[in-house]
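First chain written, first letter: the chains are A, B, C and D, and each begins at residue 1.
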Amino acid sequence: MQAINKYGFYGQIILLVVLVMLPFIITSSYLNHIMTLILLWSFVATAWAYMARFGMVSLGHGIFLGIGAYFPTMMFNYWSFTPWIGIWVGVAIAVATAAVLGYACFRFGLLGDYFALVTLAVAEVSALTIMAFRETTGGSLGYTLRATGKISDMQFSDKRVYYFIALILLIGAVYIWRRIDRSPIRLALTAIEESEIAAASLGVSVIRYKMMITLLSAGLTALGGALYAQYVTYVSPDTIAGVGVSLSVCFKAILGGMFTVLGPFVGSTIIVALEEYVRISMGASFLGLSQIIFGISLLIMIIFLPKGIMGSMSLAISRKLNRID
Amino acid sequence: MFEQILMALINGILLGGVLALLAFGLNLIFGVVKIIHMAYGQFVMLGFYFIYTFHTSWHIPLLLAMALGIAAMGLIGILTQLLVINPLLNAPRLNQLLALASLIIVVENLAQVIWGADYRGIPLSMPIIQFGEIFIRSSFLIAFIGAIVTLWFLYLFLNRTYLGLGIRAVAQDLEMAKGMGINPKVIYYITLMTGGALSGLVAAFFVPIYTVHPHFGASFTLMAFVIVVFGGMGNLMGGFISAFIIGIVTSVTAVLSSKEVADIVALLMFIGMMMVRPEGLLGTES
Amino acid sequence: MLNVHDINVFYDEFQALESVTVKIEKGQTVIVVGPNGAGKSTLLRTIAGLQKPRRGSIEFEGHRIDRMEAHQIVEGGISLVPEGGRVFPHLTVMDNLKVGSYNKGARPIAKQRLPQIFQLFPVLADRRNQRAGSLSGGERQMLAIARSLMAQPRLIMLDEPSLGLAPLVVNMVFEFIKSMKQEGYTVLLVEQNANKALKVADYAYLIESGKMVFEGKSEDFDKNPYIKTAYLGL
Amino acid sequence: MMKKCLVTVIALGLCVGSVFGTALAQDKEFKLGVLFSMTGAFAPAGGLAGYQGTMVAVDMINARGGIAGQYKVVPVIADAQSNPDTSIREGQRLMTVENVPVVLGVFSSAIAVPLAPMAEQYKKIFWVIIAISDKVVQDRHLNYTFRVQPTGSQWGQSTVTMFNENLEKFGIKSASEVRVAVIYEDGPYGSSVAAANKEKVKEFGMNLVMEEAYSHKTNDLSSLIFKLKSAKPDVILHTGYFPDVVLFFRQARELGLKTKAIAGHGAGHANMPKLAEAAGGELMNYCFNVDPAPAQLLDRSKLAPGNGDVVGEFLKRYEEKFKDNNPPTHATQGFGHTWILLNDVLPLALEKYGDLSPDSIRKAALDIEIPDGGTPCGYGVKFAPPEHALSGQNLRSYPVVAQSVGGKLSIAWPGALQTAQPVIPLPADSPYGIK
């Protein structure tokens, strides 16, 4: 075990150095854009996995992304309210929404599949709401952020600023993950996941602990959505709310391995890179083929790496080390 | 206003028939294999394309083309079981769900490669049924009758045959069913085949209503789920009744406000039901 | 007839059975006694094919069955009455019996079999259209036994048939097990209630923590001082 | 952990490698970025047809020896996948990694709107050839974005104007007696057109009895039709994509909607033959549609000399390449608007400013003036200068209102191009006609 930790520590230092250097080595703004997206989605997927790894599999994080993305954008467009503050308003609304939803779910003891299905419905509600209020939100084909180019409006001439914001957020999310691991919350939540009734009888406040992690996860997800909107300057129910994006966040975390702290990052990297790679390498030579290959790759990964890439890898490594020991 | 609501009410009942049809296959797969078939709407899309190809390109009479389409979808169901579900039978539920979600990407783009991006439809002139100012959509009426007949046949199949009994046994207690000499793999294949064929049947009823394109299926899956879970997973009758409840509620709400608000109301009803009675309308606690 | 040879069974990393060997001759009633969690149910589940052994072999009438699927084993003539009368609660009594006759060998004669079963268990005949979930514990146990008889087994395995039943019903169950022997069934019975079980058995095994610690005729069990104090309460 | 780093590096490496691998260019080639939604929801609505039209233009220019007989056109094709998020990535890739001077294409306004500022940032030409929403150019004072086709408001204005000019056909004298309903899909395209509809309706003093938007992905329009029935409009102005248009026509018939005229505004309504094929011909009969005329409908004698042959060759090549002898209007737009770039603007840039850099192309585009009938699309070209509210917009393009009668299209408006009088109100043999 110690060997793994040692490797892990050095590996993470190297990874961090590489990530900090990368935008200075690669100057292509397209690749910088892709890397920024990878980091942003890694951040969101990590926040999602906070809940999922304790058995609260949410298929509805799209609602938090959507709230985080739409509120600051709309406040800025309509009232010129600076996103520097607007983002936090979005996060606060997302946390409040999560509080209502989470309390309702946990109060009624929704678990497992039922929780997943309810959250899936919630994701769809978020997309439909955006469409129903089409006069203000732009409806199903989206909404563009007004461009000013001012730093006070969170618009930077060098787009790499967002890369570093996303990187800092991701590091923060990883740090929080570690803190959760070392706190009593983890023990409590693990106990709750094993048996809710048993945990409750031991005096663990089931709802309180579940709520804590849910609010944290929702808030960070909304922050990710808000930054995505400020960065891409375009929001639509398909790209930042709704079922599709909620599922794609799960995809990233699960393929990377949702029980390991770097799993969501690895998953996001691989999925985004794979998506770009198949699309660009196939180009328009055979329309639709690139997407088919992308879909089949996902399918194969899910079938053959059920614990995710990091999960399967750490399992393999620990087996190997055990053999050597 | 009253007349509008009355029309919406009739419309809602008929819509319920269409939704009920949509929910049957999903319900069966859900109840027996315990898998959330995220790509069910895409199967309906495939079925529609099959019928279109059989009828338009191969010049097979429409009703025969529909029968062939249903058979072809049964085959696709078997293939899905073989290639996607079998390897995932013991995987976590979330992985199963995501695997079927990635199947959506594959199926939609496969449809584009095979049939191209164009919209395809079979022009059918359905008779207009009119009572004074009230119009009844014959395309929906047929689907409504179809739903009732299908429910009856499914009931007979499940209650009068050994295979149906096997399906119900596996749905309730997989391990005990194995201990009774039931081969669950066979049951799963039969279920996926039936589910696939039912998606083909839905496609057949959709022919006079819609035109098909590669992204046709997406809008149907979630509502079908809501109906299935609302009515009680695996309970065909529950799904049937809840289809009508959802159909009427959405239809009337849509006339009073908008389609999106109607869908939101339906989803909120669903969420509320999950909170208060997670086993659904007619479901039994397990 | 049945030859379980040196099997190891695991649940993930937990070893439930270690080097277990059991032999049953045709027409015998054999019991396995032992405390809770000793691995009795695991043994039956493994024979029924619901659990796979990591080591060892199981032969039934000369054929290896340890690599077969559960449904093939039922077709081969082994039928399991699960613990707690685990019936299909949402199916009617009638449908539960029909499920029993699901395997190909049993289906053609199910119609003739049914009246015999109803004769044996008149209470089931009365409740044939009731949901099995609405039966009492004893009735469920009856149904579970009746259901496995529908499968035309040559070996019938019962997992704790007396568990949780009223004393009067327990007696009925054991009377019934006795009568099965007379009908020519081979029976493998797993019981905590060693006292009563030994009275109907020809041969017995004692299992503790996944290992067979003692075996012999029923009389040998009665004589063993350790068993006497630990299991027979004498 | 090391392995993971390795995986990451490899994944990124593959990505970079593939990008640079295709980026090696040769002399005397002109790289043209082509960005369309060739898959996804917009592909059937016209994204794919636009792409196909563009490719025919590229083939034809290359068959003539390239741009000004010197530069071979090498298209760098990217699929926007009907997803704004993907199209932003692809736009960025084309402009920075592939370093193309011109990105051309885009079916959806939802994609064109966020791409235009990007072109501005990288100083690359964004040649918009199908998206029509006003918002793409309006009040943005863009320097590098050019749009050949008319704006959405022109679409919206033309139908209302036509009805206003034909009031007597409704049997009324004053515009205030006409009951108008405006229904539209809720994206930038639909709302652009509908806004212009409403503006003109107000201007003429018509009676707007209903307006409602819906998502183009909807699978049921019956509630909208119930509302229409009780609003009892004389004229229904509809803007939508394809499946929703078919759904509307089919459901309206079955629910017994009656009115005096139905007018569509491009996109879904554009492809009348396909609509008739998918939904049944009698539903489309007597419907109006606004669009630049598809090539096969143009009166070639009215075009400038030589242009008629270009149109003829386009139709022939399109049929050969895509097995379709009746290309939708989006294919014509794709072809014609690409042709203007390759055949007129680029040679001028080369001749006058010496190279094919984005800035030379931009200057050439602002210089160019083509009179009416001078392009394969029928209309002329004159781009609005940067100080104009619609900078980059072709001010000489206009749509026409066509009516389909018995499967034959005729031009009903504007008067100068009219080939037949509009048939108003809907006759009794239309399923929507009042009997």
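Everything below uses one rule, namely that a residue touches a chain if its C-beta (ideal position, glycine included) is under 8 Å from a C-beta of that chain, and two chains touch if they have at least 3 such contacts.
For clarity, every value in this text was computed on a predicted model and none was experimentally measured.
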Inset, instruction - Please strip out chain B, keep the others put, and tell me the connected groups that result. - result: A, D | C
Inset, instruction - When you average C-alpha coordinates per chain, which one falls nearest the overall C-alpha average? Tell me, please. - result: B
Legend entry - Chain centre separation in whole Å, for chain D relative to chain A (CA means): 37
Inset, instruction - Would you mind pulling out the distance in Å between where the CA atoms of chain A average out and where those of chain C do? - result: 51
Legend entry - Mean-CA-position distance for chain B and chain A (Å): 31
Inset, instruction - Compute the distance, rounded to whole Å, between the mean C-alpha positions of chain B and chain C. - result: 42
Legend entry - Touching two or more other chains - residues of chain A: 131, 287-288, 291
Inset, instruction - Indicate the residues of chain B shared as contacts by at least two other chains. - result: 109, 112, 117, 214, 258, 260
Legend entry - Junction residues of chain C, two or more chains touched: none
Inset, instruction - Spell out all pairs of chains that touch, sorted by label. - result: A-B, A-D, B-C, B-D
Inset, instruction - Would you mind writing out the residues of chain C in touch with chain B in their complex? - result: 48-50, 69-72, 74-75, 80, 82, 86-91, 95, 98-100, 102-103, 106-107, 147, 151
Legend entry - List of chain B residues in touch with chain D within their complex: 1, 3-4, 7-8, 11, 15, 109, 112, 116-121, 123-126, 128, 130, 135, 137-140, 208-211, 213-216, 218-220, 251, 254-255, 258-260, 262
Legend entry - Complex interface listing, chain D residues touching chain A: 1-5, 7-8, 11-12, 14-16, 18-19, 22, 34, 38-39, 43, 48, 51, 77-79, 81, 83-86, 88-90, 92-93, 96-97, 108-110, 113-114, 117, 122, 135, 185-189, 191, 213, 215-217
Legend entry - chain D-touching residues of chain A, taken from the complex the two chains share: 7-8, 10-12, 14-15, 18, 26, 28-31, 33-35, 37, 131, 134, 138-142, 144, 147, 232-234, 236, 238-239, 262, 266, 269-270, 273-274, 276-277, 279-281, 283-284, 287-288, 290-291, 309-310, 313
Inset, instruction - Show which residues of chain B lie in contact with chain C when the two form their complex. - result: 162, 165-166, 168-169, 172-173, 175-184, 284
